[in-house]
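Just below sit the structures, each encoded as structure tokens.
Two complexes are shown next, each including chain A; its partner changes from chain B in the first to chain C in the second.
Up next, the complex of A and B:
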């Protein structure tokens, strides 16, 4: 027989568990099940086989992974640098408030504005032309590495502030006494960074990378609005499979693959960062 | 105090009994903001007044309508009374029994209706959809840019290639816009070009299809890089901002480019011919009533109203929409006249896309063929042969 306090815990947890079951677990399970079905009935792997044989899916797969790796690396570097600069308070806090502005702008608005920069007759090409760095406008949004770069820049502009907030919270938790002790021993900034800041920041960097990684894998409206179908990503592919081609089975299969990619990436990262902690 | 509350209660009771609540007609369309402005301010209010009802407009994209109807009909809660739908996305609505059979209501069709438009709404001898607005693409071009390089608007594929090459050579960037976004815009463009070359789009590898793709492969390097983002709404921006000098788009662009952007140097004409003929796909929308609609009678009245001369004239003048009626064409005047002349001329070369149940597969295959052949430069014949085989499998099923 449970103690009465346990009944209260169950009572308060029940709505959340019910919500998660109805709106998360059941839809995900149904989608995974749908990915193994076909119109004629029966269970099959043919949807997955078809996906990997389709050149547009393969491109979307590569594009999604490329954006994730590049965007995460650059965002982490930039967010960490900004957080290091701002930490300590004072007038730098004004900069923190300004840096947070992009977070409040809807992604579709960001994408539309970025098109004014990256379009063939956009600001970037105009500046480069006036500086005589180029004669012919560069096709930033016609697919390939240039479009990857443009999407990553646009994504960085929007979400680096979020990463910065997480890392800033971590930096401000580091006891100041450690830095004082290190300076007494004559340590340089780089030594402090390597032996104090980075080890203690690891949990926060893990959290930032996981949160942003999940979002970046799921990126959708930014590349769609910015580059159209010249640069597809997995979530777009799943969307168009369902909406344009009335094929919920292949849409579910691409969605399931995306879900598995995110899950595997997060688990690998946690395992690797956890193993490093043990060996340290 | 007690008397006051009794009187108040009595008044409330009387007001609730006094007259029926006016019915609400739910109308679904897929329109741009500019188009909705005209519908909401000039089309709906007179109907609401004449029929003592309220018209509630809903924006539903053509691709989303079948899913919505499936869900609401399965739930027994039809939420839409009348819809306007792309004339190329009708098969699925008929095949899945999502729409009412309107054969008994042929009498509401005006005598002045274009006969060919009525046929577009018929499936297996039954009338499911009523004509509303046909649509055809016209070619927009920048008069000043053409004059600058002593060029004329192209009348055929050879001239189009020459114009594209000239602009690229002079300005180092392509200025001819192709709709290479993918899906519907690209399919419509390819369908027209293949028919212009004397081909059957569903065959994929007859001589007309091969010629079309060979031509596009040759033309592609000289087209605007914005082509990859060009579809019905973005194309207007490109020509208005003068990043392209020639493009094909639907007539609603006239109001945006000429009136809103005030680009008086953008002119239009009907278009260019292929090796065999000139052909322009007739798009547009038809009107239908979902199965189990709550206000079916009011919906039919609304359909009749939309087909009236007064409304068709408003749509033509304010939105540059071609009319489904033969008695409206002569009424255009003022600055719109030369643009509307292009629309009328393009309609003379009009072709309907075949309403087939495997349209979604055809859409996918022809888009992939375009990506592989035109954008990636793969071999024309072998790629088209591959998709011809895929199409045959689907048709057999």
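Up next, the complex of A and C:
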């Protein structure tokens, strides 16, 4: 049993746990419960049936998954290139200070800035026109693949630095002796990349991808402020169902689906990071 | 040739990072004729303070600004009041017992906000907390608490147990150990986490969207103007929100550890 000299720990922890229970655990449970209810009461699956028969919802679901896959692939590539470039320190640290700046720009501000770029009268269309690549301005933000691309670019701008920080932390843990040994054997940069860096970086990449994947599942401000109702993702769908159509039940069902996706990702993350700890 | 590609890469990264921020500043200082045209110039040709003066005079700034400041301030104080003792206790519990609570905090940080905001918004309407500062503070704590607890946990882990054990042998009670050993050593970390708490409330958007309908916060004002095509006002409000966050991010560079932001579980 707990010795009395440890009792203080319970008093110290209780307020936080109580708060998280009341304001996180209970609301989540209530939402899940709501998703199986109807105005008339009683338990039902009809909210989910309605969602999957709804074209807009299926589109929101596909959009969420597509953004996640595309954004993660591009962010990983860019972040890894920058991390490889910066590692080793020296003068490059000044560059690092600059690269981290987007982390300090609030997401809604990023969205607002990206509108100046992607709007029909925006800077991107202007540059493309001046380079004679297009004749008529492109409507980037009216939905579809072009909007998906714009949202992905906006997300990349904001979070690539975070991904870079995680990968940099991993790169700096690779023992220098490995590179020295490889160089004595006359290896090229590409050989080092393939046989030393990539295998050792795999756990960091996996974890960065899962953590960032969870964030991207929840993406909200960027598509909302860039394209409004013409481009929906899951969390936006949940918001509009509640605010515009006054339907908390379908809003909760759409949120619950998101919750399940995130829960599965978190469980995978815990497994992966646990497995890594055992082998480390 | 290799050198050329290096500088090319650096230039590309600098342009990629700086351009959107530059455009925000530019728009907030540009005359309307430069943006509403078919071909908006990228270089700043004319500078006008018109939008800034209008925003300051319009009466749409002070209420959201004071709401954002008040909510962020109280969110910071209350979050620290709950998170400092909890993180300290967690750092003094054996890992195999603490891990379930750590995972709970970790999970709380990953959950979809829309799923939490929905029932909270419904209950706050009934409780009369919608559109109140208190309601928004309680909601912002949902976002801020897990992050701050996380940062503080790694802060308290750096306070050596030996020092506390020595104080305990000398007969100091827990209250004295916390006051005289743990808190002074953790003070810089606590200040950093307070700054993070403030900023995570300052730029919060989703809970505010659900709960602040009559009086908006600053991030909601940006959204408000985006929806009304108020380009200049959106840029001006964006700049007002971004400046404090930007300054702090630059100053705290060295403290921006990947694990703070990404929430990696470490053993």
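The rule we apply is simple: the second predicted complex is superposed on the first by the 243 of 280 C-alpha atoms of A that agree within 3 Å, B and C clash if a C-alpha of one lies under 4 Å from a C-alpha of the other, contacts with A are read in each partner's own complex, and residues count from 1 in each chain.
Convention: contacts are C-beta pairs under 8 Å (C-beta built on N, C-alpha and C of every residue); 3 or more make two chains touch, one makes a residue touch a chain.
Keep in mind the model is a prediction, meaning the values are calculated, not measured.
Overlaying the two complexes via chain A brings chain B and chain C into a clash. Once the two complexes are laid over each other on the shared chain, residue contacts for A:121 go to chain B and to chain C alike. Touch criterion not met for A:202: it reaches neither chain B nor chain C.
After overlaying the two complexes on the shared chain, residue contacts for A:100 are found with chain C alone; chain B is out of touch.
For chain A, the partner with contacts to more residues, out of chain B and chain C, is C.
When the shared chain is aligned, chain C comes close enough to touch A:108, but chain B does not.
When the shared chain is aligned, chain B and chain C each come close enough to touch A:228.
Of the two partner chains placed by the overlay, only chain C lies in contact with A:27; chain B stays clear of it. Chain A residues 121, 228 lie at the interface with chain B in one structure and with chain C in the other.
Within the complex formed with chain C, the residues of chain A that make contact are 8-13, 15-17, 19-20, 23-24, 26-28, 30-31, 34, 81-82, 85, 95, 97-117, 121-123, 126-127, 129-130, 157, 162, 165-166, 168-169, 207-208, 211, 214, 217-218, 220-221, 224-225, 228, 235, 238-239, 242, 248, 251-252, 255-256, 258-259, 262, 265-266, 269-270, 273, 277. Chain A meets chain B in the complex at residues 55-56, 119-121, 135-137, 139, 141-143, 227-230, 240, 243-247.
Interface residues of chain C facing chain A in the complex, by the touch rule stated above, are 9-10, 13-14, 16-21, 23-24, 27, 35-40, 42, 81-83, 85-86, 88-90, 92-93, 101, 103-108, 110-116, 118-122, 138-139, 141-142, 145-146, 149, 174, 202-203, 205-206, 209-210, 219, 222-223, 226-227, 231, 234-235, 238, 241-242, 245-246, 248-250, 253, 256-259, 261-265, 267. Chain B meets chain A in the complex at residues 63-64, 66, 92, 172-173, 181-183, 224-226, 228-229, 231, 241-243, 360-361, 363-364, 368, 371-372, 375.
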